[in-house]
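Next, two complexes with chain A in common: one pairs it with chain B, the other with chain C.
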Partner chain A sequence: MSTTIVVARQQLRSLARSRTFVLMLGILLVMTGLSGFIGWSSHATIIRVYDQTVQTLTAAGKAAPPNPFASKPRLSLLNNMIIYIPLIGSLLAIVIGQRSVTDDRQAGVTRVIFSRPVGRSSYFWGKLAGSAFAGVAIMIACLGLSVVGLGLINQGLPTGSELVRLALFYALSGTYLFLFVLVGMVAALLTRSESLGLFAGVAVWVLVTFATPQFTSGLRPVASLNPVNDPVATSGSPFFKVTSKAKPFAVNEQYKALSTRILTVGSRLQPATSAGQLAPIAAFLLALGAWAHLLVRRQDFSEDTARD
Partner chain B sequence: MTSTVRALARHEYRSALRSGVLLLLILSMVLVAAGSVAIASYDFKAQVADYQAYLAQAKASGAPVASAPQFVPLQLLRGTIEYVEIIGAVLAIGLGYLAVARERSSNTLPLILSRPVRGRDLFLGRLAGAAALVTTILAATAAIAYLVVGTVGGHWLTGTELIRLVLTFGIAILYLLIFYALGTWLSARSKVVANGLVVAVAIWLSVVLIIPQIGDTMDPDNQVPGGLFAALQVKKPDEKRVLAHFSNYERIRNGLEETSLTKHFERLTFAITGIKDKYNGKPLGTIAYAKRADIASLAVYVALLGVLMWRGLKRESATRRET
Partner chain C sequence: MPSSSMPTVTSLSAAHVPGTDPVVQLDGLSHSYGDIEALHALDLTIPEGEIFGFLGHNGAGKTTTLHVLTTLITPTAGSARVCGFDVVRERLEVQRRIGYLPENVRLYDSLTARENLRFFAQLSGVEDIPAAIDRTLGFLDAHDLADRRVGTFSKGMRQRIGIAQAILHEPRVLFLDEPTSGLDPMGVRQLRETVVRLNAELGITIFMNTHLLSEVARVCTTIGVLAEGELIYHDTLASTLARFPDEASLEDIYVRLEDR
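What follows is the complex of A and B.
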């Protein structure tokens, strides 16, 4: 068995034993299960609110406006997942990345591992493969829960095209989350203290999830938690005219925009635009991957265990 | 405050200062607050510019003119308050956790307990130290917010506005102390201190992010950019008549939001600062009466987490004394 596979297997076993991982995974899966129900409940209520509005306006002799929700796609009931993935999934991913480094350090096994003929690159790729496998398994579990949720709400299984779009959405989400796995890894490799590494990862998460959308689109932190939001008009402000130029590099906004399009417009997805939205995520992924690789190669694994 | 309590508080404060954590937290909060107030100021200026353009068009076409956007300086603090409720809370949990973790790794508690220190002194000392830490962070945040409102927003806060600003940040200190107590309690009762941090972060995730998010998403007016009733061009009286048919749904939604401590903090501070238009310009007494339920809920949380932190520290002391 190759070294990379052995390291990946050990990483998966270690994750399964980690309480942090299990707790965060539990929260993500519960919220995935609930997201369909929340979407359905909000949608059903808003349709009733619209019907009631029409009745009220008609009784007052006023003209009723057209229903803005008449042609809402069925997958848009899962819109909340576009929030839960960057919110809960990213924190889970940081934990995965961080634990991939600190677990070995805490157990003092890194010195044992490198006393054997194990290359730094094999170790790095093993850690990455283990984290990627965990990520894929989590996304498959979320996909399964979403299919079941949609089946129950719509009283029928999703169509073939809807299944493809759901798979695309979770593939994109997995890629986005892998970015945070690498953030967790880099933060842990740069700090000797476990808690400081975790805080550094959370700081990056805050920057990506809340601060950047506020800078580029004027979205307040709480507004970022709503799948339907109202960015500021950039036309009248020289400030937003400049900051909105950074929007293509804001990974969180690009992820949300592309996810919304996958879940709502489906077959009308334009490959060029989608590739443009995926590009910053891929670029950051490659940059962070290269940085993590460099740090693993240079790290002094002969040091003592992690401090707290 | 007894000299023992003062000494313990000073020890708590200095430890955080020495580790560099305090400076890091001050820097983070100051940066996000400054950015947030500046962005809100530019946002308001953009609204005014858009209004001017609309006004010119409306005058040219002879159409009726809507009123100009109203400038309420304290409304520029909305993003900052939201950062305090989200990031401040997790930082306070971190401070509570670090206090326990630091003590365990440096083994100072058995030394403190070898002296005539009562459990009450230990609790009050820790709490006073934490209050000083949180006050330092929030005072720096409030000061930068004041400066940015003045320089970028173009308005220096008046005496009344300053009182409201101080009151808001005073409530924020209590809010963060609740999370500090949560972090301390859960870390102190865990054999592996990091496990306590994880449970505290999971509670933070649920209380601060998930529950308010569900409540917001379930709000019918949040389903369309700019608001459902605005999109349907429905006037306020008609909106009220329509929503009267959904009182049960609204009650459930509101009940869900009220389980979150964060929502109580947000409702109270948004009323004081006039971010919620309904309370804009209202006297503080009227606001306190209208928001008595939120004040009571915050008081209950303060008392509850205070008791839990006390119990956590007592348990920690007993365990460390044995070892």
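What follows is the complex of A and C.
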């Protein structure tokens, strides 16, 4: 068995017994299970409001406009997931990445591990593989819950096209979350203190999730409440010229825009636009991955005592 | 994704001939942390089969020496060989032949002792892992701990499982860093007996950093004294006691050596 697989399996074993991980995973799965019902409930409320409006207009002898919500795609009932993934999923991902480093440190075993025939690159890839496996398993579980939820609401299984789009959405979500796994890993490698490492990871999460959107779609207030397809339209003023530079860094916005398009069956996925929105996420993934690898190779593992 | 293949371990202790080459050989070994020189031109040879006690006050450089010998850090000058292999150029060969128990090893609290041992056995490329675990736990009389979570263990129990992980792959030399630290008197006695048995029954050479001079006097065959990164004394315990007949104990000899 290769070192990479041994390290990955050990990480998964440790993760499965981490209370923080299990708690956060539970919250994400519960919210995923509920998301379809929350979407259905709000949709039903809107329809009821429309029906009452039609009754009032008809009683007054006025013509009622056609229902604009009647043809809403069924998958859009899951739009809440576009919020839950960056909010709950990202924190879970930070915990996974952080624990991949701190578990060994807390156990005081990094010195023992590196006194064995273990290459640093193999160790790094093992940690990455363990985290990726955990991420894929979580996304598959979320996909299953979404399919069941939609099936119960619509009293029938999703169509093939809907299933493909759901799978695409969770593949994109998994990729986005892996960014935060790497953020957690890098933060833990840069700091000796566990709490400081977690704080640094959460600070990056706040920046990505709440700060950068303020310079893109957040410039239009409605975009803060609803995911929008197109990022902010820039004008020629200096302010917009400066803030438009933040657009590639607003990976959260790229994720939300692309996810909205995927979950809206009516809208076609434009390969060029999708690639443009995926590019910043991929670039950050590569950069963070390379940084984490470099840190593992250069880390002084003779000092593995966890502080706090 | 690159993945290195594991070396396989059958029985290293059976593969070597005791009492031939030195197990540890330092030639002008130096190590600096920035501007601070932790080790200065250490020359030391430890033959196979010894129980070597490495003495010195806090900050003398004992742990740094151990980190060089266990390949955790690279020396800034000089060379170090373990079992005939250079710790820098032949790192993997060294790692296959050593066992290491750091100070305050805690292991994975959420896993059982057996799960912990399985992990380290896999990393070391042990072939028949269940048999190796059973054999090691039997040797340490620790079968009762096998399926309990390490998080519930006392310091002494952890130390036994710590030693188990260090000898699972049958190393030729075992490095122990302050192994009695934090142990109660019974734990200290158990550890002393274990060290002697490891040496006598399995033929493992022991390199032990310690503060406890009473343990050194009872267990070690050779001692070395390190002061401010320099080896100021190295001889067999018997010769040392004979050389200082006026001193009542090893502690008095140690104080005299440090004062010189």
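Assume the second predicted complex is superposed on the first by the 272 of 308 C-alpha atoms of A that agree within 3 Å, B and C clash if a C-alpha of one lies under 4 Å from a C-alpha of the other, contacts with A are read in each partner's own complex, and residues count from 1 in each chain.
By our rule, contacts are C-beta pairs under 8 Å (C-beta built on N, C-alpha and C of every residue); 3 or more make two chains touch, one makes a residue touch a chain.
Note that the structure is predicted; figures quoted are calculated from it, not measured.
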{"item": "Touching partner for A:Leu25 - first (chain B), second (chain C), both, neither", "value": "neither"}
{"item": "Which superposed partner A:Leu285 touches (first chain B, second chain C, both, neither)", "value": "neither"}
{"item": "Most chain A residues touched (candidates chain B, chain C)", "value": "B"}
{"item": "Partner chain in contact with A:Leu166 - chain B first, chain C second, else both or neither", "value": "neither"}
{"item": "Which of chain B and chain C A:Leu150 touches, first, second, both or neither", "value": "neither"}
{"item": "Which of chain B and chain C A:Phe199 touches, first, second, both or neither", "value": "first"}
{"item": "Chain A residues contacted in one complex by chain B, in the other by chain C", "value": "none"}
{"item": "Residues on chain C engaged by chain A in the complex (per definition of touch)", "value": "1-7, 67, 70-73, 92, 95-96, 98, 100-102, 104-111, 115, 119-120, 122-125, 165-166, 175"}
{"item": "Chain A residues within the chain C interface of the complex", "value": "1-6, 10, 13-14, 17-18, 103, 106-109, 111-119, 121-122, 125, 128-129, 300-302, 305"}
{"item": "Touching residues on chain B, where the partner in the complex is chain A", "value": "28, 32, 35-36, 39, 42-43, 45-50, 52-53, 78-79, 82-83, 86-87, 90, 94, 97-98, 101, 104-105, 193-195, 197-199, 201-202, 205-206, 209-210, 212-214, 216-218, 220, 222-226, 228-229, 231-234, 238, 241-243, 245-246, 249"}
{"item": "Touching residues on chain A, where the partner in the complex is chain B", "value": "19-20, 23-24, 27, 31, 34, 38, 41-42, 45-46, 48-50, 52-53, 56-57, 60, 65, 68-69, 80, 83, 87-88, 91, 194-195, 198-199, 202-203, 206, 210-211, 214-215, 218, 220-222, 225-230, 232-237, 239-240, 307-308"}
